[in-house]
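Encoded as structure tokens, the structure appears first; notes follow it.
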Amino acid sequence: MIIVMKQNASEENVEHLIKVIHGKGLETHLSTGKQVTIIGVVGDKSQLTYDNLEIFEGVDKIVPVTESYKLSSKKFHPEPTTIKVKNASIGPGTLTIIAGPCAVETEEQLMSIAKAVKKAGASIVRGGAYKPRTSPYSFQGLEEAGLRYMKEASEETGLATICEVVSLDAINTAVKYVDMIQIGARNMQNFFLLKEAGKSGLPVVLKRGLAATIDEWLNAAEYIISEGNPHVILCERGIRTFETSTRNTLDLSAIPVLRSKTHFPIIVDPSHATGVRDYVPSLAKAGIAVGADGLMIEVHNDPENSMSDGPQSLTFQQFEELTKELAPYSSLVGRAFGI
Amino acid sequence: MIIVMKQNASEENVEHLIKVIHGKGLETHLSTGKQVTIIGVVGDKSQLTYDNLEIFEGVDKIVPVTESYKLSSKKFHPEPTTIKVKNASIGPGTLTIIAGPCAVETEEQLMSIAKAVKKAGASIVRGGAYKPRTSPYSFQGLEEAGLRYMKEASEETGLATICEVVSLDAINTAVKYVDMIQIGARNMQNFFLLKEAGKSGLPVVLKRGLAATIDEWLNAAEYIISEGNPHVILCERGIRTFETSTRNTLDLSAIPVLRSKTHFPIIVDPSHATGVRDYVPSLAKAGIAVGADGLMIEVHNDPENSMSDGPQSLTFQQFEELTKELAPYSSLVGRAFGI
Amino acid sequence: MIIVMKQNASEENVEHLIKVIHGKGLETHLSTGKQVTIIGVVGDKSQLTYDNLEIFEGVDKIVPVTESYKLSSKKFHPEPTTIKVKNASIGPGTLTIIAGPCAVETEEQLMSIAKAVKKAGASIVRGGAYKPRTSPYSFQGLEEAGLRYMKEASEETGLATICEVVSLDAINTAVKYVDMIQIGARNMQNFFLLKEAGKSGLPVVLKRGLAATIDEWLNAAEYIISEGNPHVILCERGIRTFETSTRNTLDLSAIPVLRSKTHFPIIVDPSHATGVRDYVPSLAKAGIAVGADGLMIEVHNDPENSMSDGPQSLTFQQFEELTKELAPYSSLVGRAFGI
Amino acid sequence: MIIVMKQNASEENVEHLIKVIHGKGLETHLSTGKQVTIIGVVGDKSQLTYDNLEIFEGVDKIVPVTESYKLSSKKFHPEPTTIKVKNASIGPGTLTIIAGPCAVETEEQLMSIAKAVKKAGASIVRGGAYKPRTSPYSFQGLEEAGLRYMKEASEETGLATICEVVSLDAINTAVKYVDMIQIGARNMQNFFLLKEAGKSGLPVVLKRGLAATIDEWLNAAEYIISEGNPHVILCERGIRTFETSTRNTLDLSAIPVLRSKTHFPIIVDPSHATGVRDYVPSLAKAGIAVGADGLMIEVHNDPENSMSDGPQSLTFQQFEELTKELAPYSSLVGRAFGI
């Protein structure tokens, strides 16, 4: 931590501050420049939690130099993490495809989609049973019934399953039926939910918040892993920008940035990022090229009549064509495709 | 709802679409231009929920012309709502001051602050017992003990009390101790929590999300009121922008915009918006001048040693000076001050 | 300047870096922590301009601790600047009103507006002769003819005049006709134009860019003052955010922030910020309450038929009512109104 | 154009509006719903330029349904445009590499870089002679001398050349020395400069503004083409977001969106987008995968001592390795590489 003093800070200001810091058992390094004085603080900064150094007389600003997340950081865990769920493996060497409808609608719908995406190369089927919707008057999901259909689809196809959770109650129900859970963008800083997801022990796909920085995202992941659950997968699904021709803006540069900071696997969701079916294939390819460990893609048996997010869903045929096109990109980056 | 067709849409495309819409019992008005054809849809649009008109052949875009919120809208409730809690009244004709620490720390701390803010003109005391923090290693609040101190402070001073909630469990506990609850910015689209806040029946201060539009905010309010709880107060507390010299950017234009769209009372929180104590007084004045019904201001007995958000907290003396300066602004806008 | 080293940086990395810095005649202070090593650099940093310290082996990041602007900074010029133009004075103790149409349309139009805004309390008349428009097919302004009408309006009313410039040619023409020039938001980082505005010697109203930080804005002002022209007025006119119910979001917290960083006068333009006439009055009041030195407000003789930005323009009557309402706010902040 | 009336609009309001529109020779289609009345306007909307329909009594909002750009639109020019400069071809079937230093520093520097990038597969060499810099105290470029070195490098290597222009004077000088000009992000809405670039007749690379939408970008391009110059190349170079670990956020979804709207070639600049050398290779690959016609990459003989943007520049060896890695991606998308 670095403390930058104001230009007009007095010697007394500096001395008082140093005394407080030393009183907590930390060391300081003083650097006195022509214009500004800087105090470097060395040691266990958690001792300073309740001291608001910013408002001590003469302080201009505090510059942190270490991240607040630990277990999520590559510094403390240099090797990339691989997460195995049923036959799927998410991590180095594989390119994992998660596919399925935005929302589970009926037993038949989900079963037909699960079979179709398996055939085309997916190893995990997704489907929402608890839908966070902007308006209370939109379809909110089938809840437990939806989860039951997921379990049936898994038993029939052997695919692993994933479903979004939005409350402790949803987690407790999901644990009974699915293999992985997802925390959605709007709940990325629902810290209560993150802790409960951590306690569940299930692998957690953590989507990036609409306006979240990468540091905030990794701090959110830290809530999960600090409960003893290291099975976290980060999913880039677009951030909010001023552009309106896509629903959000897919931030593919986040993938190499995350790779330099964390050991967690990273996947890309071009369907939610764009909200437009026609843009999904080219961004899926780009996602592989930039180094993602997997893709999450929306597929629907009848997009025109889907209950949620139809415009971004691929038909079975479109999805099958897409996976054929993706395979050579997967080879180029040295990953086994669709496992 | 207006459907804009693509330039190259065929007559068949248009006819098919109109047939689908008529099939749901809605009416259409066709407008054929040189470049584009437009279909106006009239009637109960909820009949179209599961039809994804955007992906019908030939459709360019869908333009909604009515808001998705109803009970929150001024159209359905033209008179401004006044919310009464103990001796406080939030709505037309009064300028209500909510003040207190970011986090409840000890019984003595809260009691001394409650007395000080009451003396200076506040009618509601705030204090966090469940703190949503970016990092899991930061102070997370005293939970039920903090709420108990709130109740004691209320009994001693007669002030109404408000506390943020972050989970169903927190709501169930808060109901026993405090007069109002708050949904924080990070939980503005935690729809599960919004519904539970609605069911609680307590007045709810709903803070605006960091990247939320006013429409999304009003849809979030709709989740509360649609559970039968009309006691919603909207709190502008700054949105995320590229500016870094303030923590967030206080959007004061939101106040006249909200006033034109909703009947709910509106308050302004300059403390969280700026994160800097020195900027609070001028923005509090601006908040009154622009038409807010009240202010939420952080006050602490010892900001240098507060457990959370010290840099933005006012001392007792600063708060007392501020309320004296605010009173004439309140008179100018025709509001009784500090009630 | 502070150099934060990577966790795995070697002693050789640190030594090499220090040697390079010393070689430029600067001093270093080394601070070796458990996790990271920090090098504080003291002295004339311009010696390091062509050294890209960020890519030296072992460097994690560079943290600047002083601003890059000098002449614009309050540190080097603590007293607030007052700018006098004809009978108008912009600075401490006065609340200056600049008013007029978005675009100059005809001689009669401008003359009638100039008389009306003078009567209501404005001391400077504005009017665009060179209009930066998103589409090349929109009205682009009367150019020199418009400036001539400005001069006539000034001669008739005694008001000072201001007009936006968009090119060197426009500056050279404006110098002949008007008292002040304006650099618009889209040109805030048109550095060539800023330098030429500096050379013109005329007072310059510098509007904030749509996505500009306060630091970038002050660096833009530095381009003007570093050409020897200290007559700069900063105009907050709204920044781009995700909110669409106003054209931009007026950042009123920028006023106290700027006041702490620079000596330049600061004005607020609620008309361009909101784009909606109904929101102008309440934000004008808030602008005064927060401490602005003046306001820029659009007024038009016939908003329904104006060539540009009619929806945000006030009629003569609305403007007159507004100035009457603003006067007591001006008194509250201790400023003489309309001088 | 669609006019949405307020809920409480009177029949007189609607009739008055329709009369005004008919008076301009346009047609209307009226659609009267339970909640709102909508007026569709058909015909040449330019007749309404000076009518501010938004402020007519009873109007809620105006929804445009056609774009304001014409010549840039795919609707009016369905075939993709190919731009040929010397031996380079930018458009369908080729993957063009533009490479070179951020700033031209010396004759020798530029010559050595030109030879190196040619050898590795680039067909156009870039180099800045007029540098738009945030601070007036940063290096501003060699101006005409820099352009002269560009010409020499072109004569020696046969490569086409491109240089950014920032003023009319710079354009007039550039025309004498280089093959293409570039309008930078900060000048994307410097409409004066866009028109002059259009008049120059040279191919223009138009970079996207930091906070520009795709529609604003295409309207900026329209300024160039409407001066009779159809040789426009759009360059995505990152937009400003809240993420700080990259300088900007490369918006790769812009490529398929642009492809659906315009016929101009599209290139991607991962160097300026990220500002970090290590992130350039993976994003370059993603740029090809997503469908770009070319890449612009910064290469420097000695990044540690470059005068501008060293941290994002590749060394000769890194660039050569990168082009080898890019070639198979180019094959996958069916483009001849490095022509």
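Here the chain labels run A, B, C and D in written order, and each chain numbers its own residues starting at 1.
To be clear about the criterion, contacts are C-beta pairs under 8 Å (C-beta built on N, C-alpha and C of every residue); 3 or more make two chains touch, one makes a residue touch a chain.
Predicted model only: the values in this text are computed from it and were never measured.
Chain pairs A-D and A-C differ in how many C-beta pairs are in contact, and the one with more is A-D. The most distant chain from chain A is C, comparing centres defined as mean Cα coordinates. Computed from the mean C-alpha positions, the centre of chain A lies at a distance of 31 Å from the centre of chain D. Per-chain CA centroids place chain A at a distance of 39 Å from chain C. Within chain C, residues 211, 240, 242 each touch two or more of the remaining chains.
The touching residues of chain B, when paired with chain A in their complex, are 46, 49-52, 54-56, 68-69, 130, 132-139, 166-170, 186-187, 189-193, 195, 210-211, 216, 219, 222-223, 226, 240, 277, 303-307, 310-311.
Per the touch definition, chain B reaches chain C in the complex via residues 211-215, 239, 241-246, 249-257, 260-261, 273-274, 278-279, 282-283, 285-291, 328-329, 332. Chain B meets chain D in the complex at residues 2, 4, 7, 29-36, 38, 40, 42-43, 60, 63, 65-66, 75, 240, 242.
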